[in-house]
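Data block below; observations after.
In this document, chain identifiers A, B, C and D correspond to the written order of the chains, with residue numbering beginning at 1 in each.
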Amino acid sequence: MTLKASNLTLARGGVPVLTGLSFVLEPRAALILRGPNGAGKTTLLRTIAGLQPAVEGEISGAADQIAYAGHADGLKAMLTVRENLMFWAQVFGRHDITPALDAYALHPLADRLAGTLSAGQKRRLGLSRLLVTGCPIWVLDEPTVSLDTDAVAMFAAAVRAHLAQGGSALMATHIDLGLEADVIDITPYRAMTTLRVGASDEAFL
Amino acid sequence: MPDLGKYAVEVLSAYAASLVLLAALVMLSLRRGRAARAALKEIEAKVKKDG
Amino acid sequence: MIALLMRDLRLAFRAGGGFGLGLAFFLIVTTLVPFSVGPQPALLSTIAAGVLWLGALLACLLSLDRLLALDYEDGTLDLLLTAPLPLEAAVSVKALAHWITTGLPLVLAAPVLGVLLNLPGAGYGWLVISLAIGTPALSVIGTFGAALTVGIKRGGLLLSLLVLPLYVPTLIFGAEAARRGAAGLDPATPLLMLAGITLATIALMPFASAAVLRMGLR
Amino acid sequence: MSIWSYANPVKFLALSTKVQPFLWVAAAGCVIVGLIWGFFGTPDDFRQGSTVKIIYLHVPSALMAINAWFMMLITSLIWLIRRHHVSALAAKAAAPVGLVMTLIALVTGAIWGQPMWGTWWAWDPRLTSFLILFLFYLGYIALWEAIEDPDTAADLTSILCLVGSVFAVLSRYAVQFWNQGLHQGTSIPVATGERSVSDVFWYPLLTSMVGFGLLFLALVLYRTGTEIRLRRAQALRVRAGREL
């Protein structure tokens, strides 16, 4: 499934942050977003994931293909690792969570309550959720936050395996994962404050 | 002043209460309106100076 | 959908899940009533049906602010929004889970508390029936209120302010049915109206709740 | 030129600034004439005595209390369908006015009810409905205040207004079913065209109702202007902040 975004204008809090951004994400490819804080990486990823509408432009090939992982992992402290994963697998209509446990070395933790895990372990659990969704396009916002070197390696391996199976990944990260990935710097697409088209407060300027 | 008979207190208090409420509403609206005008003027002047 | 229901139920029954809080609240409110109005059996038996309905309603309200706020805080709502599950179905399931963990225990506990308030013998059946028909509406309407206030810090009080007026028709018909039942009158009309409200809210409110959630999470 | 062109804030402000002086004068004139005429120029009712004079406040405010919600319902729908900001802000501006109108109707009603029914408050369907309406206004205003993003606030309050309208109507019937009530029938039945009020009372009442209507309009226009200015100030501030 090819994800295409063309001529996107995106707004945060009603004010345009990015404009004129286009990219294509082919199967088996990864695309890494770079840009300073506040450049609009999270806004872009949330828009691609369908959590907010684009002000202008078109996104194709995204419907029901996307597994999104944001800053929060959607874990329940009072459920075990296994129960948390099983829940997300079932929401996406699947049942097998063993590969996910394998990929992030979660077997020893499987019956611990998620609330008792360390921050890095929680993050591993959150990332393993991507594997149980079975979705071909991963949209990841700072996936490596609070991961140690080993865990980053596990993540890189998981992404590589995902790409090898025909999947694709779009992520915002500052860490070099050693992937064959295109990098797109979104700084030049920053919307000028004079840009009015489509802003929710446009009528008031 | 008309003769209000035995209900004078009721009638007068009804008028007084209503007029006070209406006056309060108008006053509050005007105050908020003036504050908004002032705030807008300030920011418009600043934007013009900067840009 | 079943997965979501099972997860919500499991969370409610685990430690800190809040199951039983509503029930305890219901018990305390019912216990406090005689302290405030006096212990005369005749007085208590006339107000019993209404007090029990009001207590159940308040107990329902108590757990609403956890209904969506917890899922919002840990990011589950965002992830559910991107999942292939329609949001309308998700909020319906969450309302159902709320009813099973809050409404249903209240329905079952009401007759026991009726004893404390001298509920007339004829009233027990109708009280349970009216609560069983009416409490699902409370959960569904409450879910709408929870969806409206989901992104708001300290939205609990606001949630009550928004939801309580919406509860008026349900309370009127529900308590009326229970009261008529207790007084030995025919409760059919208010019960049918109550059933109508419940069915209509179950059918329509999830769309409003889902729309509101989508707008609020944007 | 279509009516929608006034959905543009600048045009709306220009027009509303132009008509407002006339509106204020007309509103004040009608309210004052209606009330003075009613207060000094009408006889006492043979049953209700001088309390009948309260009608010149009670009926117009009750009328506007309902019309204000109705207006909010329509402007909310326009916002949801056509996304005109002025419409959403007009709904926001009208809510406190409606709240005060409801309060006046409740207070005058209670003061009137005391000598007539022997009680300040009765759980009569009309009184109860107005109390519920009051609660709806409170909730609506509180929701506007609680949400930071103005567009999200407009969206959510619009839906609340829609859902609230349905429940308000439902409550009206529920309350009627629940208690038949003391309140007299409607004073101005629209359908039959027959009035239960005689001409002596009717003309000052009509003047007062027109006055309250104009006052409502003037207040809403003024307050909508305030909201537009605040919104513009916020928009400019956000953008000025991002330049830095």
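Here is the rule we use: a residue touches a chain if its C-beta (ideal position, glycine included) is under 8 Å from a C-beta of that chain, and two chains touch if they have at least 3 such contacts.
Each chain and its UniProt protein: A = Heme ABC exporter ATP-binding protein CcmA; C = Heme exporter protein B; D = Heme exporter protein C.
As the structure is a prediction and not an experimental result, all values here were calculated from the model.
Any chain touching subunit A that also touches subunit B appears here: D. Among the chain pairings, B-D comes first (most C-beta pairs in contact).
Taking the mean Cα position of each chain as its centre, A sits at the greatest distance from subunit B.
Chain-level centrality, scored on Cα centres against the all-protein Cα centre, points to C. If you average the Cα atoms of subunit B and of subunit D (Heme exporter protein C), the two centres end up 15 Å apart.
For the pair subunit B and subunit C (Heme exporter protein B), the distance between mean C-alpha positions equals 41 Å.
Per-chain CA centroids place subunit C (Heme exporter protein B) at a distance of 32 Å from subunit D (Heme exporter protein C).
One simple way to say how far apart two chains are is to compare their mean CA positions; for subunit A and subunit D (Heme exporter protein C) this gives 48 Å.
The multi-chain contact residues of subunit B, meaning those touching 2 or more other chains, do not exist; every residue touches at most one other chain. Residue positions of subunit D (Heme exporter protein C) touching 2 or more other chains, listed in rising order: 232, 236, 239, 243.
Residue positions 218 of subunit C (Heme exporter protein B) are each in touch with at least two other chains. The chain pairs satisfying the stated touch condition come to A-C, A-D, B-D, C-D.
In the complex of the two chains, the subunit B residues touching subunit D (Heme exporter protein C) come out as 1-8, 10-11, 13-15, 17-18, 21-22, 24-26, 28-30, 32-33, 36-37, 39-40, 43-44, 46-47, 50-51. Contact residues of subunit A toward subunit D (Heme exporter protein C) in the complex are 13-15, 193, 200-201, 203-205.
Here subunit D (Heme exporter protein C) touches subunit B in the complex through residues 35, 39-40, 44, 49-51, 53-54, 57-58, 61, 96-97, 100, 103-104, 107-108, 111-112, 114-115, 215, 219, 222-223, 225-227, 229-230, 232-233, 236-237, 239-240, 243, going by the rule given at the top. Residue ranges on subunit D (Heme exporter protein C) touching subunit A, taken from their complex, read 8-9, 85, 149-151, 228, 231-232, 234-236, 238-239, 242-243. Every residue of subunit D (Heme exporter protein C) that touches subunit C (Heme exporter protein B) in the complex is listed here, in rising order: 132, 135-136, 138-139, 142-143, 146-147, 152, 155-156, 159-160, 162-164, 167, 170-171, 173-175, 177-178.
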